[in-house]
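A quick write-up on the structure given underneath.
Chain IDs A, B and C follow the sequence of writing; residue 1 opens each chain.
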Amino acid sequence: MKRASDKLVERLLLAIALTTILCLLVIAVFIFKEGLPFIFKIGLGDFLFSSDWRPDSGHYGIFPMIISSLWVTLGGLLVGAPLGIAGAIFLSEFGPPAMMRFVKPAIELLAGIPSVVFGFIGVMVLAPFIRAVAGGPGLSVLAASIVLGVMILPTIMSISIDALASVPQSYREGALALGATKWQAVRMVVLKAGSSGLLAGTILGMGRAIGETMAVIMVAGNAVKMPASSLDSARTLTANIALEMGYATGMHRQALFATGIVLFIVIMILNGMAGSILKKKAHLR
Amino acid sequence: MSLDHQRSPDELRSSHNPKVEVRDLKVSFGGDLALRGVSLDIAAKRILGVIGPAGSAKTTFLRALDRMNELKSGCRTEGKVLIDGEDIYAPSSDPVLLRRRVGMVFAMPMPLPLSIYENVVYGPRLSGLCDKAALDELVEESLSSAFLWEEVKDRLGTSGLKLSGGQQQRLCLARTLAMKPELILLDEPSSGLDPISTSKIEEALTILKERYTIVLVTNNTKQAARVADETAFFLMGELIELNATGKIFTNPADKRTEDYVTGRFG
Amino acid sequence: MSAHATSQRIAVGALAAATLLSLAIVAFILFFVLEKGLPQLSWEFLFSGPKDMGKAGGIFPAIIGTLVLSLLAIGISLPLGVLTAVYLSEYTKEGRLTKAIRFGTDCLAGIPSIIFGLFGYVFFVTTLRMGWSLISGALTLAMMVLPTLIRTSEEAIRSVPQPWREVSLSLGATRWETVRKVVLPNALPGIVTGVMLSFGRSIGETAAVIYTAGSSFRMPRSAFDSVRTLAVHFYLLAREGISTEKAYGTAAVLVLAVLSVNLLTYALMNRFIRRRAR
């Protein structure tokens, strides 16, 4: 009797556990359902590589948005990765242990602040500053890069701290015993050993940056053109979707879903790469 | 060859009905055979000591009597274990009910993160006992049988984790006794305990065997010599010799047994 | 001073400067928002509704909307998340099935919020005809926080010492009884931490919420009413240039909410670690 009810519980739990897969499938199905027919109609090449985005007259080239997304993301990485990794190295290897206990949560606070607040500060503080110092409209690729960089900083730092912590203490001791300074030990041994984890953190940060919408809408300018410099206004893939979704119909709407598909796939690939790097590390340990 | 070292099946059956009959028990984990075809009988209301060097599969044998091996993935059990004539490995047999009839005390004292009282009544509550008076009585009875009552009777509400190692182990014994099992299995219960706690546990066992059938796995041959009525010597997953404790220690039949109990290896 | 010592000094100095810079950024953000926003926090602001498109009045419906939406989302996904974690750690061993489930969870965690917004719009709002409503928003948010809840619950469950399970089973408990009586009660602090983490995240969610819960000013009266969350309200105030002061005020409330959730989470985690260390 007891056995039967235990088996029933097990089956129920299995059904519940499959909901994540179910959710993922449903999301994929609906997004692809709306977007794929469009891609077939227009042609993937035209969609991805044409610079002509004029939905009113039936032109759906998202190339400028792709470039903007990439540019803004790379810019964000240039800001966020050095800060995040440097912070991780300092806290893990050189700072007193007490510092880690207080500084890490403080910086992780950054991860909790809503993206719209970041965007707002970007608009009120950063953009005028850029306009005053470097010219241009202020609301630009540069502004978006800086804001995104700050937003992904905690993610990169957190994963980097974990990566450095997983480097065996014996590596450090071995280097020091050979007469290296602490910095030399870190530079030549620890960083090399933890490099895959640091890379994974950076890739994950990249995934977050590409997917960020609200902050970018507020500070990047959203002009539908190919940005020529960092000071130019730009519109990312995410911004494109969010801005036009409200009033898009028919083919236009499908085009936005197709953009969603592109985003979806890119982020899946990035997360997959980061995930497999982290898993390989776990195996080797 | 009328050596005493193995009683013939006829002798076993004629002396008394064994509580437990093990027939060609084999246990493997992920393809590696740990227990290689063990057959023996365990008489009721006696203490069977199980000795042998590390890696002899003594614990595997013990856990097989409680169907605890199958909690590890990749475990395969073949052969029969009959308790009161019923094969506990039959497909229709329920391991959950089995574990209520067979109690186990583990090597590391492992109280649950509950109060002393709650630790003892955990099992009985699962079986449906909820009357407070009956539970209270059960707690006193079980803790007394484990020689722990006097020390904790005024603080039954404190966490079991706050007791000393020896007390914790006696609490685990009391917890097992509260289930009123027919068979009690102890896996090196005093490893890591000081001599006084050890002797308290041994004292408890000597009294308990009047009501329960007990199997005691121990690394400490002297403990087996002190406490067990019969002793079985295991080596590398096989039963080498089973006999009255006195015989095992003074006049073992097998050379390997002799080498082990005299300390030539271990 | 030797060359090595000098280069070490420079390197560590640079690293420290970077860390300091990061801290300074955090401090700046907090200071900036709170300095301009705290003065806006009055009884009227917090407890009355918006007037004149938000130019005047307060943010009470948005506060209620945020709370209800987040709590509803967590209410939906918490049982699913915990039970999934229970299944993964107690009922199966690592194999194809668990790998598939984990893959699903990881993928779900990586999907950007705008895509959740798209999905929620197409599926809940349109296809299932729930309209822009609390329920559409909550279901969408629930999918977004589910991976976090699964991950933190699994960590919490795995941190319960294995011997306790063995003891429970050896006393004749079924696996489910063991889960109920030994595993879950002791995993509770970790699970609660995960809940707080998810709650904090969901407060700031905007892109997904705007396209599913809408942006109505009114207090929600039923699950099918549209609702405006603090983040959405803030976004609209800022972007449409309606009122900078009110925007700062809303931002201050948002930041304070996130701060308090984070603080509570850390306090809880510390107590949890200290208790387990006993």
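Just so we're on the same page, a contact is a pair of C-beta atoms (placed from the backbone, for glycine too) under 8 Å apart; a residue touches a chain by one contact, two chains touch by 3 or more.
Only a predicted model underlies this, so the values are computations on that prediction, with no experimental measurement involved.
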item: Chain closest to the middle [Cα centroid of all protein chains]; value: C
item: Farthest-lying chain, centroid of Cα atoms versus that of subunit B; value: A
item: Chain pair with more C-beta contacts, B-C versus A-C; value: A-C
item: Distance from subunit B to subunit A - Cα centre to Cα centre, in angstrom; value: 57
item: Centroid spacing, where centroids are CA-atom means, of subunit A and subunit C in whole angstrom; value: 18
item: For subunit B paired with subunit C, centre-to-centre distance based on mean C-alpha positions, whole Å; value: 49
item: Set of subunit B residues in contact with two or more other chains; value: 96-97
item: Residues of subunit A touching at least two other chains; value: 2, 6
item: For subunit C, residues that touch 2 or more chains besides their own; value: 174
item: Complex interface listing, subunit C residues touching subunit A; value: 4-5, 7-8, 11-12, 14-16, 18-19, 21-23, 25-26, 29-30, 32-33, 80, 83-84, 86-88, 91, 100-101, 104-119, 121-123, 127, 143, 146-147, 150, 174-176, 200-201, 203-207, 211, 231, 234-235, 238-239, 247, 251, 254-255, 258-259, 261-262, 266
item: Footprint of subunit C on subunit B - complex, ascending; value: 66, 68, 71, 73, 96-100, 103-104, 106, 108, 110, 112-113, 122-123, 126-127, 161, 172, 175-176, 179
item: Subunit B contact footprint on subunit C (complex, rising order); value: 93, 163-164, 166-174, 177, 181-182, 186, 278
item: In the complex, subunit A residues that touch subunit C; value: 2, 5-6, 9-10, 13-14, 16-21, 23-24, 26-27, 30-31, 34, 82-84, 86-87, 89-91, 94-95, 103, 105-110, 112-121, 123, 125, 150, 153, 157, 181-184, 187, 207, 210-214, 217-218, 238, 241-242, 245, 256-257, 260, 263-264, 267-268, 270-271, 275
